[in-house]
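Labels run A, B, C and D following the written order; every chain starts at residue 1.
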Amino acid sequence: MKLKRSLREAIAEQVHDGDAIALGLALESGIPFAAVHEIIRQQRRDLTLIGPISDMAFDQMIAAGTVAKVIAAWVGNVAGGSGYGFRRAYEQGQPRRIVMEDHSNFTVGLALKAAAMGLPYLPTFTGIGGDIVRGHPRIRPIGDPFGGPDLLAVGALRPDVAIIHVQRADAQGNAHLWGNLGLTVEAAYAARQTIVICEEVVPEAVIRSDPNRTVIPGFLVSAVVEEPGGALPSSVQGYWRRDFEPFLAYHRMSRTPEGVQSWLREWVLDLPDRAAYLQHMGEANLARLRVSERRPAAEANFAP
Amino acid sequence: MTSRYTRRELMVVAAAREIRDHEVVFVGMRLPLLGFGLAKATHAPHAIGLFENGVIRDRPAEAFIYTMGDPPNIVGAVACLGLVDVMSLLQQGRVDVGFIGGAEVDPLGNLNTTRTSSSGALTRLPGSGGAGDIASLAGRTVLIMEHEPRRFRERVDYVTSPGHFPGRRRGGPATLITTLGVFDLSTGRVRAASLHPGVTPQQVREATGFAITIEDRTPATAIPTADELAYIRHADPDGFWTGDSMKTG
Amino acid sequence: MKLKRSLREAIAEQVHDGDAIALGLALESGIPFAAVHEIIRQQRRDLTLIGPISDMAFDQMIAAGTVAKVIAAWVGNVAGGSGYGFRRAYEQGQPRRIVMEDHSNFTVGLALKAAAMGLPYLPTFTGIGGDIVRGHPRIRPIGDPFGGPDLLAVGALRPDVAIIHVQRADAQGNAHLWGNLGLTVEAAYAARQTIVICEEVVPEAVIRSDPNRTVIPGFLVSAVVEEPGGALPSSVQGYWRRDFEPFLAYHRMSRTPEGVQSWLREWVLDLPDRAAYLQHMGEANLARLRVSERRPAAEANFAP
Amino acid sequence: MTSRYTRRELMVVAAAREIRDHEVVFVGMRLPLLGFGLAKATHAPHAIGLFENGVIRDRPAEAFIYTMGDPPNIVGAVACLGLVDVMSLLQQGRVDVGFIGGAEVDPLGNLNTTRTSSSGALTRLPGSGGAGDIASLAGRTVLIMEHEPRRFRERVDYVTSPGHFPGRRRGGPATLITTLGVFDLSTGRVRAASLHPGVTPQQVREATGFAITIEDRTPATAIPTADELAYIRHADPDGFWTGDSMKTG
């Protein structure tokens, strides 16, 4: 079973109109922007986006008209605040109306974790007394069979596809991720298919030297894509720093529908792929962002 | 002798004072993060900081960070877990105090960061993030707000982060730190604990869309010491979070 | 807050008569036998033991009369089969009667995880149709508020103390563990107090070089004990091989009450501490079991 | 030409044949572990093996292991997770087939490994371990047993690992591999699929405490090939799991 794909192939084969897609799961780092842009280029429609906080990735997809629904705890631009694409869609139906399923970080995490555990729901005390959980399509009041106070049941959320950016994976999809994890593991377990995008496809022996670092076992993975820099402008621990300025630039540009279209043309639609995006960034920027220092993890000896 | 300081620097100092030694703190970004670092550097050297993305630190990052996911926030962390792991610790009751903010607040300490029609038209805000969880599950919460009439409402349009309500299992808002003063919310009514130097009760009342108790003997917020300012300016050298146009003091 | 303790101090201060103690959480590896023996030496009584499978550790504690109740999925001797101490206690009340709360590995895991998550219970489909869950004091039938098939609720289990053996920890209790995890993390989160026993107390910088390897954050830890070889004869990845023979020897000796008492005298009661135990094993045995080869994990770069 | 082989070697071969290529297998120790390795080496090169302690492998350990927690079982693993993680994958339905054994079995494939009074006095057995979970949640289960009358009972005293029962959501016993033959359990009745070479229907009936269907044309269990034996003897060189006194073939 050959899993290696180009990003274009992986999106073409595994992301379909109407799918529910989980991404941006590690919060501000490892956001799979290359995949986000490829989905926009391939003009997917009616997607449901799933994630804790989305930074500007969801905003771009909404502004490009690919999205029908968002299931998330926070949608905006972490550096700038508001997500204007999201606001225009939600407030004015531009370029199309979207449905919002509001969550807190914990409830969206529990929804994914319920699916990851093969359960219809997980109980929680979070949110009680607030409006997020009131009349929520996925959250219902339940009692405690052991006689304690009432809780809420957060219903399982099973994405069609999870898209995850990691440092390295082998050709079977066994993926090493370090630094921020967020909801990455829950989403990969929960999703019907998981696309692993990595900085490097490495020999099996590298992954097997540290099986505790394998946060996603390969048998859950439907495609492995080698796309170095595929998460820029977000960071990847040990590989790329966060590029702060593009978040602010998008925030400025996306204030108007014309601005965001212009931004999408320049950074997505007029570029064929991620290599072209990196080239458009320029080598000086890449050099500034590329991590060349080493702060290796202390040795862990796995000798038997 | 006191140095000149900004309102936000004063708010960082007030935030730091809300953290007791050995406490476990749900930190967040911006002023609370600076407050955590300041508390660690002064009266609370054993405090532990949790971030909703899964990071646990016992000291602030060495380099300036713009988001809690920035790589310098991983370097030197004592643990880097998953979001559900730290939220589970929060739900267990292992977190003493959490810091949250919002676009609107009401007298019960309810915060709205989801949507509002206060300006007439519907405005969609980004949403809860982890704030609703911290508000629900921390041992107590400290609210940090811009003190403006449109933000201080008799009743918020949407309760993103629940404040005091009947039947609450645990926690609830303890303190509200604003650009004008520090307010006690622990009783479910808003009472001024201190007003920032130069702020009058009248100013506070005009900036607040609901009734607020300001006793005659309400003290002035203690101003930052030189050491506190030195720490803040070391941690935020460009005034990215703490700079403002109103120099006071 | 100084956490470092000798094993004797940690057990004396933190393990009390009647306590519920979780140990042996990584299944066959990292069983904290040094702590098990110290508890026997300090003559604790009426303990409740909690773990997935216990290998011979639970059997020894039961045979020594320290135990009133066992909450586990399997109690015996992985190499030999039956745990004779357990059987004598359960079948004949020798040296005292014990109560058994039977579980499967998953239900005991869910009971600990429920406590770890701050929940009164977790739902599951496991065990339905079998006798473990029938009339179980901690497991009740529940419905699915979303209309799916009925489930079981596994009630939270909160140990008074979890005792955990890891490779290394810093003086604040931040613990690195690799290789088998089993239920170690769930138990450390769930327990009121956690005693971390480690092969090495290392400088903070070692732990902080790899925060993803910190499976237990120090603020959950109540004592840090440096006790190299404290898990022998069970294995510790990268430090100690499993010593197979002592499991079989105990299995043979424990067939009779006299045999097990003789074994307890030789290996526990007549020895003051772990150092004496290792000396009694002999340097040749230690040399045979000590891992000297290196199979280091592939480098993970944490540079920002 | 066939080599001499032991009953247990034959059982390993039968176990291996229960694994299809690309399947996810809950492996366990002893014969199933050898069966997994044999299947990988022959007809199921893409099978994946899960162990209840959290280990995931796509090939057996290089060195002999006595327990699934032995350090050589970590070396070369593709992942080493927690127990709840692999059980969650099992509960999700990601595991195609699991192997379990027990002290007693009944015609519905219920297994008892908890306690029995079959000998008159109460005997306490070790308990479920992960077997009850695999029996409940795997896509199908393969049972491996010593074929003795006291173990094959009309009704087991205690159902540790549930077999077929009304309302079962998923899975259930598919095949029972014993020291005497291979039996189909998929319909909830026990039917001989093959008897090991030299075993007569009469022998099976005498060793079984309940009614069992053995058709006239029941074939002999296919004997190990030389390659299969070579694999097994490489993996278990001292016959620790597969040695027995009855050499056959």
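Definition applied: contacts are C-beta pairs under 8 Å (C-beta built on N, C-alpha and C of every residue); 3 or more make two chains touch, one makes a residue touch a chain.
Keep in mind that what you see is a predicted model, and the values were worked out from it rather than measured.
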Contact-richer chain pair [A-D vs C-D]: C-D
Interchain centroid distance [CA atoms averaged], chain A/chain C, Å: 37
Whole-Å gap between the CA centroids of chain B and chain C: 41
Intercentroid distance (Cα basis), chain D paired with chain C, Å: 28
Interface hub residues of chain D, defined as touching at least two other chains: 55, 70-71, 74-75, 80-81, 90-91, 137
Per-residue overlap in chain A, given as positions that touch at least 2 other chains: 118-119, 124-125, 178-179, 181, 207, 212, 237-238, 241, 291, 295, 302-304
Pairwise touch network: line, ring, star, complete, or other: other
Which chain pairs touch, all of them: A-B, A-C, A-D, B-C, C-D
Parts of chain D lying in touch with chain C, wherever the complex brings them together: 52-55, 66-71, 74-75, 80-84, 87, 90-91, 110, 114, 121-133, 135-137, 158-162, 165, 167-169
Chain B contact footprint on chain A (complex, rising order): 26-29, 52-53, 72-76, 78-79, 81-83, 86-87, 90-91, 100, 102-107, 109-110, 113, 124-132, 149, 178-186, 234-235, 237-238, 241-242, 244, 291, 295
Touching residues (chain side chain A, partner chain D) in the complex: 1, 115-119, 172, 174, 189, 207-208, 211-212, 214, 216-220, 302-304
Interfacial residue positions of chain C with respect to chain A in the complex: 118-125, 140-142, 144-146, 148, 151, 153, 155, 167, 176, 178-179, 181, 202, 206-207, 209-210, 212-213, 237-239, 241, 291, 293-304
Residues of chain B touching chain C in the complex: 22, 24, 46, 48, 55-56, 58, 63, 70-72, 74-81, 85, 88-94, 137
